[in-house]
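For reference, the structure I am asking about is given below.
Chain nomenclature is as follows: A, B, C, D and E, assigned in order of appearance, with residue numbering initiated at 1 for each chain independently.
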Amino acid sequence: MIGLQAYLVLAALVFAIGLFGVLTRRNAVGILLGIELMLNAVNINLVAFARFNGDLAGVVFTLFTISITVAEVAVGLAIVIAIFRVRRTVEADRLNLLRG
Amino acid sequence: MSAFILELGLAVVALLVFGASLGARGSDRRWIAWLATGGVLVLGIVSMFVAPTRPALGGMFVQDGLAIFAKRLFLTATFIGLLAGISREGAACGRRAGEYHLLILSSLLGMLVLASARDLILLFVAFELMSIPLYVLAGFLKREDVAVEAALKFFLVGSVSSAVMVYGLSFVYGAAGTTDLARVAQTFTRGQPLLTLGLLAVFAGFAFKIAAFPFHMWVPDTYEAASTPFVAWLSVAPKAAGFVALFRVYFEGMGERAAAWVPIAAGLATITIVAGNLMALPQQNTKRLLAYSGIAHIGYMLVGFAAASASGTAMVLFYLVAYVFGNMGAFLVVEAVARSEGSEATAALRGLAQRSPLLALAMLLFLLSLGGIPFVAGFWAKLYVFWAAASAGLYWLVLVGAVLTVVALFYYLVVAKRMYIEPPASAGRIQLSRSLALAVILCALGVVALGVYPKPVVMAALRVAAPLF
Amino acid sequence: MAVGPLTLPILSVITWLPFVGALLIMFTARHRPRAVRWIAVVTTGISTLLSIYAYATYNHEAAGFQFYEKVPLVPPLGISYELGVDGISLLMVLLTSIIISAGVFASWTVAVRSQEFYALLLALVTGVYGVFASLDLFVLFLFYELAVLPMYLLIGIWGSTGDVRPRGIFAWAYRETGVGTKEYAAMKLTLYLLFGSAFILVGIFALYVSAGAASFSFLELEAAVFPLGLQRWVFLAFYVGFGILAGIWPLHTWSPDGHASAPTAVSMLHAGVLMKLGAYGVVRVGMGLLPEGAADLVWLVGGIACINIVYGALSAMAQTDLKYVIAYSSVSHMGIVMLGAATLTEAGLNGSVFQMFAHGVMTGLFFALVGLVYEKAHSREIGKMGGFGNAMPGIATAFTIGSLSSLGLPATAGFVAELLTFLGTWRSGHRWWLFPAVAGTFLTAIYVLRVAKQIFWGPPSPQFQHLEDARGPEWVALVVLVLVLVLFGMAPGLAIAPVDTATVPLLARIVGP
Amino acid sequence: MTLPTRLPLLVLLLPFAAFVVLAVVAPLRRAGARAGLLSIAAMSVAFMAALVAWVEGFRGEATWSWIPSDGGPIATVGVLVDPLSNAMLVLVTLVSLLVQVYSLAYLGDEPPASLGRYYTYQSLFAFSMLGLVLSPGFLQMFVFWELVGLCSYLLIGYWYQRPAAARAAVKAFWITKLGDVGFVIGIVLLWSATGTFDFGELFARAQEHALAIDGLGTIMFLIYLGAVGKSAQFPLHVWLPDAMEGPTPVSALIHAATMVTAGVFMVTRAQPLFALVPDVLILIGWVGAFTALLAATMACVESDIKRVLAYSTVSQLGYMMAAAGAGAADAGFLHLLTHGLFKALLFLAAGAVIHAVGTNDIFRMGGLFRAMPQTGIVFIVGTLALAGVPPLAGFFSKEAVLSGVWEAHLTVPFLMLALTVLLTAFYMFRVVFITFFGRAFEAGHPHEAPWLMRGPLWLLAALTVAVGIRLAVGGGEHEAPGWLVPLSLASAFVGFALAWAMYQRGLVDPATFSTALAPFDFLARRRYGIDALYAGLYRALVLGFARLIGWIDRYLVDGVLNVLSALTLRAGAGLRGIQSGRAQDYVYGVAFGVLLLFVWAQLWR
Amino acid sequence: MTLETVGFGVVAALLLASSLAVVLTPNLFHSVLYLAAALVLTGVVFLLLEQPFLFAVQLLLYAGGVVTIVVFAIMLTERLVGDRIGQASRHPINGAIVAAAVFAGIVGFLIQAPVRATAPAPAGDTTAALGRALVGPFAVTLELLGVLLVAALLGAVYFARSEE
């Protein structure tokens, strides 16, 4: 039997990898992918907990997070498109008109 | 059903606006804005008569004193924000008026639910419902390069934060074995690693929402770029919601164990006050300046939060009320000047006292309130927060806060100097639209009334905060 | 003490009348400069008359706080609007009246935005009156803030920019802070004083909480017993908080810059009355409520006061700008005030209060004169002036009398104050304080006479051809101040008799009967 | 209150009334001569009253509360009437009156407004001096002590547009104030120890030996310091010669006859207290004698007629103090009175000369006796009195002083004083010979002064002689060693002869003589470097220190504050740098925040 | 070492590998494909945790939906700019350090937690229970989610559509 710890560590790793992606990708879409990974880690966590708690709430929670994640990605990509229209780039580092 | 009356009412208003926007023609759609504003006003009035009910949905949704207090605050802030946004030129009243107001209303719905949520899932959904429309609204001026840039930053930081938050929620759920916050609170003791980890991560998410240092970084950029009436609202309403959620998650039902959060909250308060105030010093753009000063104010509220007591909570609530009027007012004056001068720099305020004495006086009142000067609301807010912290033995925190207040006064006075001491760059009064003027007046009245007679609000705050502990 | 139904709430009238004047000016007298001035004259004039009346009718036998008024404001928190004056505050109220009535006349020639100027000035005066008359610490604090804040605009708008060259190892810092400009001075003054007020607030709350959080009333807190440890640090908080306003070293540097940059009436009011607020706060609130704490810490208060006296005098000597000389002399003289209080003797404390009064009038006179000289000569550089006595004999005479009071010459109020303080020091626990104090008066003689000589004596300077003496309303200010200075110098009993009724019980609390 | 106190009070209040009227009623003051007449009228009535009080030998005391306190007044004011004060009253009112009359003519050319100012000051001075004389206690004495100092300052600076006068006035104030610092500390200490300023009470306690205070010696020494300043004793004598920048009548009144003797008066008045501290008395004696000698040497080389007289005044004040120090306060006081008469005479006469010639330099005068014989005669009368030639007033008082000092076994001071007798005769006759005899100077046509000036001169001369004769007739009972009179007469004669030989006959060349005494000459001409020393100390110590403190205040104390402010501003500007504008850096912020929370929570576990 | 352990090991390794590929590969398209792989593998993890329904949801809604949207977005932006979008990494070392630190921070808590190795027996068909829960206690939450999706859609459309 695989322990809960293993799932949690796996999720933590995926979360960290996602964070790394968010921090290092130059392309805004790439950053979004990193966020996806982070949220995905959350799902692993939730399902693992649901399984080990023997509780349904975690599964419900997962359903909600999945839906919300999709919504978030949709909005994020729309913003990327809008920004691309105006600025002709999706490289996040170039978007620094506002600072200080 | 009576527990949901405000939420349902809001849904009705949103549907009305939706329907109206379908049938709207022409580029001047101020009437949609008026519709939304009126709806919110009605809801605000209704909220004044709402009484606490028993928890609904098996304890997921509570309409207690705190929730009602918070909802009144959200509705008031939203009303002022919508009112101020009504203008012929603004994007909010153009062809996209329907979208704009629907987004605001759905975000508001998120806040209302958030204030009542006592279930992790509901909390998260409400939190996201509040947040996602804000990303869109931040970039609502989508043909302005800075606006979309700000929206992207807001979105990126926001989604990472909510990822962290929901990651934390997963641990909270996992460790407590339930999504019911009341039971989480019963389970919580110091030294439960998973629950602690979860609550910390959730704290990070809230810290992003209320813009505590170092989660604040989206704030100045977003404030600078987004349309000012929206920013005025953004700077107060979601933050208030964030604090209410903080109280729900970290205090409600915790009792003595809430003291576990004191070091973290106090530390976060300290760095937030210091950083916010210092970074506000060199700002030349009034909105940016107000953004940083707002961060510092969050720090002061965290001081009250750090007290981890009923009085501390109540004082934060009072602070929020004072902050709603003071901060929104300041932003709205900036909007008024910007509409006339086309600039949001502090330099645009030069000689305002000689051009529009009353507008300058209003701005001065807001600044004094933000600076914590007697006879205006902010004074009591700071005083009470410090008092609560001192009662909790956090004298050092009070000292830090008080000293940094002097730094804060520096930049507020610099703005006052622009208005009162420097000669005007151009002559002529600043023209205000009626709705904006009304919004400014409401804020000024609020600031003064709370400054002269804070007692009712303080008492109400104390009353609603008491059951949390 | 009960207020009958038909009794005039005299202190409230005194306090709020200027505020009413300010409102009248703001809302009725737009763009009518003469009306503005007359409103100011009338409102402050009535306040002055009433304070003279109160002063004359104060019952010395009964002593204690009289003209008592009390209206509960926030009953659950124990905040009430509670006014009353004893001998000390009565004298301070009188001083405020004298200075503001002189100040109104002295700023007759303010041309720019005079409506706002007078309104702010009057609002500020209400704050000052309020502090002196309040018996509720919280309300006192509110008045205190009201007295400080208008200063920012008053200096910022109507002030003058001096010539301070950034030099020395910290030159970079001066360039960044913009030293010398009026904005700098206004900002420094306001922030410094608000910084101090933070300490005051903390102190007030500490007392309030420690006494059971029932009342902010001075009288009720006076009856409470505070533990010694608390007394010590709260006294320290009050000392620093109020002391900043009283110009204690090394927290005094706002004062020279502020006073030098401020317009005439504001300097008069600030150096003349507001600095007294600080000293009054230390004596009334600090020593009055924390007798043991005060007794424990007088060594500090007195020691710093001695530094103030000598240091201020020497600094004044080093200045080349006339206003700075006067401002530093205030720092020095406030040292006498604090020293007298620190002696914890009847003579010393009487001297301290008397010096508050004497210095208030004297420095008010000085700043009025400096304002006149500046207005006519358009220069504050002492080195460039000379021989003005011929063209402006009246101003020269008044300046001389002010100088004499400043150096403690008998028959002026300054002498009595200094003498009493000296008498107190040798009987206090710290005898050596006498020597710096006396040395300070000698140094004062040096710099004050040097300045008087440089400006008014000697051959007329060729670059100042068309100088005029004071005129019309300006005379009123000068004559009133000079007369008061001499009158109270010759008949000190006028002031000391009521003051004594307040200082003796105060001392009895601190050092025992 | 009875006549014995009421009359002196009248004497006191009359000049005060004149002062107030002149100060307040500007038109009258600006009228000049008319203001003078008012002042003179008040003065003459006061003089009459003083005369009555003196002749009647009034005694009495009346006091009123001045500074109240809980247990009775801390300080009182009032009048103390006794022979001492009566005599001073007469002297002060008399000389004041004469000087004021004299000034009418002497300052007749002044603008009316200035003249009015002059008389205002004069009235104030008379009031102050009388108040000092009548003081029943140390505090009141100090009050008027300072007020006379003020008048001195104002009157020295009468011609305030002359830089020299302005300088001299301020210098006089500072130096005397320096002494007063001691005085005030002294009376503060005395009050702290005894609880009273009152002479009567203090003397009574001293009589009953109930005044055993620790450090009474120090206290009395400090009080004496006041007298050192006011009465121009070494080392604070430097201001008096400079004070000659004031109008000559002022010099006569304030800087010869009245104010400068206040110190002597005070020591005399407080004799019962000083008697308790013999060490201080001896010091007073020594300082007095030394001052007398020092000033006399400086007078010998001075060429400004007024300054010669000023040094002479310093010297004579030294006599008086020496007498007081020797316990012969009566003798000192007698010398005070006689000196007041003849020194005023000398100054006024010198004023007449200056008025006539238009210069102070004796070497630009000469043969004036022929042009103004009356002035010459009175000047010589004064000179004889000062040199101590019988039967003029000065002779007897000086003998009394000398014998007092001898009897107190102050041998060295006595020798110094004796030598001073010789020098006094020498420098006075030097002036007489150079000014009134010898070759007439070309420039100008000197003429006799108007009657308004000559009248007071003659009156004073007559009084000098009359008092002398009165003393010769009635004062013989004083016990003195038999050799004293011949000695002092011989000394005076040697001085006279020397002056005659050098300046009249030319038998001895002054230049050779001064070469012979080169070191003394060198030092005396430079005032022994004392003025320079003070100036140096003032510049180097006081001003230097002030500059240092001023610098410290501006650039350190305030500097630290500004540095803090600037650092805060810089910190703001620096911190703002983390707001780079790049979205991912903001995410770093979130990551760091999370880490911070984790670490924090682990630490606070 | 049971089969389950081996299965978990393999799935975990693949998941981590594909996740790393998502954040490291320079080609954006490849990134998206790797993401799809990672999401599917997550679904497999759900299977391991005996949640077949969630596996389905993951596959359809998540992997399908997200990847489709992303691909659309890339196409759209590429079409607009006219050339391929590459992507490089910025400050990978810093990013790695911070990510590792966060991971360490999480693990720091995890290792303190008591090990919970035994899971309760699977509760049979969870799907029906899930459905009941969604229309039961979580009905309001679900409705709120609906509002959220509408709002997000509104926002996305607002941005995405090119204005007249």
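Please note the rule applied: a contact is a pair of C-beta atoms (placed from the backbone, for glycine too) under 8 Å apart; a residue touches a chain by one contact, two chains touch by 3 or more.
Bear in mind the structure is a predicted one, so any value in this text is a computation, not a measurement.
Note on connectivity: the fewest steps through touching chains from chain A to chain C is 2. Chains touching both chain A and chain B: D, E.
Chains A-E form the pair with the most C-beta pairs in contact.
Compared with chain A, the chain whose C-alpha mean position is the greatest distance off is D. With centres taken as mean CA coordinates, the chain nearest to the overall protein centre is C. Summarising the inter-chain layout, the chain whose CA centre lies farthest from the centre of chain C is E.
Averaging C-alpha coordinates per chain places the centre of chain A 7 Å away from that of chain E.
Centroids of chain C and chain D (each the mean of its C-alpha atoms) stand 36 Å apart.
Work out the mean CA point of chain B and of chain E, and you get 32 Å between them.
Taking each chain's centre as the average of its CA atoms, chain D and chain E sit 102 Å apart. Along chain A, residues 15, 18-19, 22-24, 31, 48, 52-53, 57, 60, 64, 68, 71-72, 75, 79-80, 82, 85, 92-93, 95-100 each make contact with two or more other chains. For chain D, residues that reach two or more other chains under the stated contact definition are 569, 576, 579, 581, 583-584, 587-588, 591-592, 594, 598. Across the assembly, chain B contributes 121, 125, 128, 132, 135-136, 139, 142-143, 152-153, 156, 160, 164, 196-197, 220-221, 282-283 as residues in contact with two or more other chains. Per the contact rule defined earlier, chains pair up in contact as A-B, A-D, A-E, B-C, B-D, B-E, C-D, D-E. Those residues of chain A that touch chain D in the shared complex are 19, 22-24, 31, 92-93, 95-100.
For chain E in complex with chain A, the residues that touch the partner chain are 2, 4-5, 8, 12, 15-16, 19-20, 22-23, 28, 31-32, 35, 38-39, 42, 45-46, 48-51, 53-54, 57-58, 61-62, 65-66, 69-70, 72-74, 76-77, 80-81, 85-92, 94-96, 98-100, 102-103, 106-107, 110, 113, 115-121, 123, 126, 129-130, 133-134, 138, 141, 145, 148-149, 152-153, 155-160, 162.
Within the complex formed with chain D, the chain C residues making contact are 164, 167-170, 172-174, 176-177, 179, 188, 249-250, 253, 257, 311, 314-315, 317-319, 346-347, 350, 387, 389-390, 404, 407, 409-411, 415-416, 419-420, 422-423, 425-427, 434-435, 438-439, 441-443, 445-447, 449-450, 453, 456-460, 492-493, 496-497, 500, 504. Partner chain B is touched in their complex by these residues of chain E: 106, 109-110, 112-113, 137-141, 144-145, 147-148, 150-152, 154-155, 158-159, 163.
Across the complex, chain B meets chain D through its residues 152-153, 156-157, 160-161, 164, 190-191, 196-197, 200-201, 203-204, 207-208, 212-218, 220-221, 263-264, 267-268, 275, 277-283, 407.
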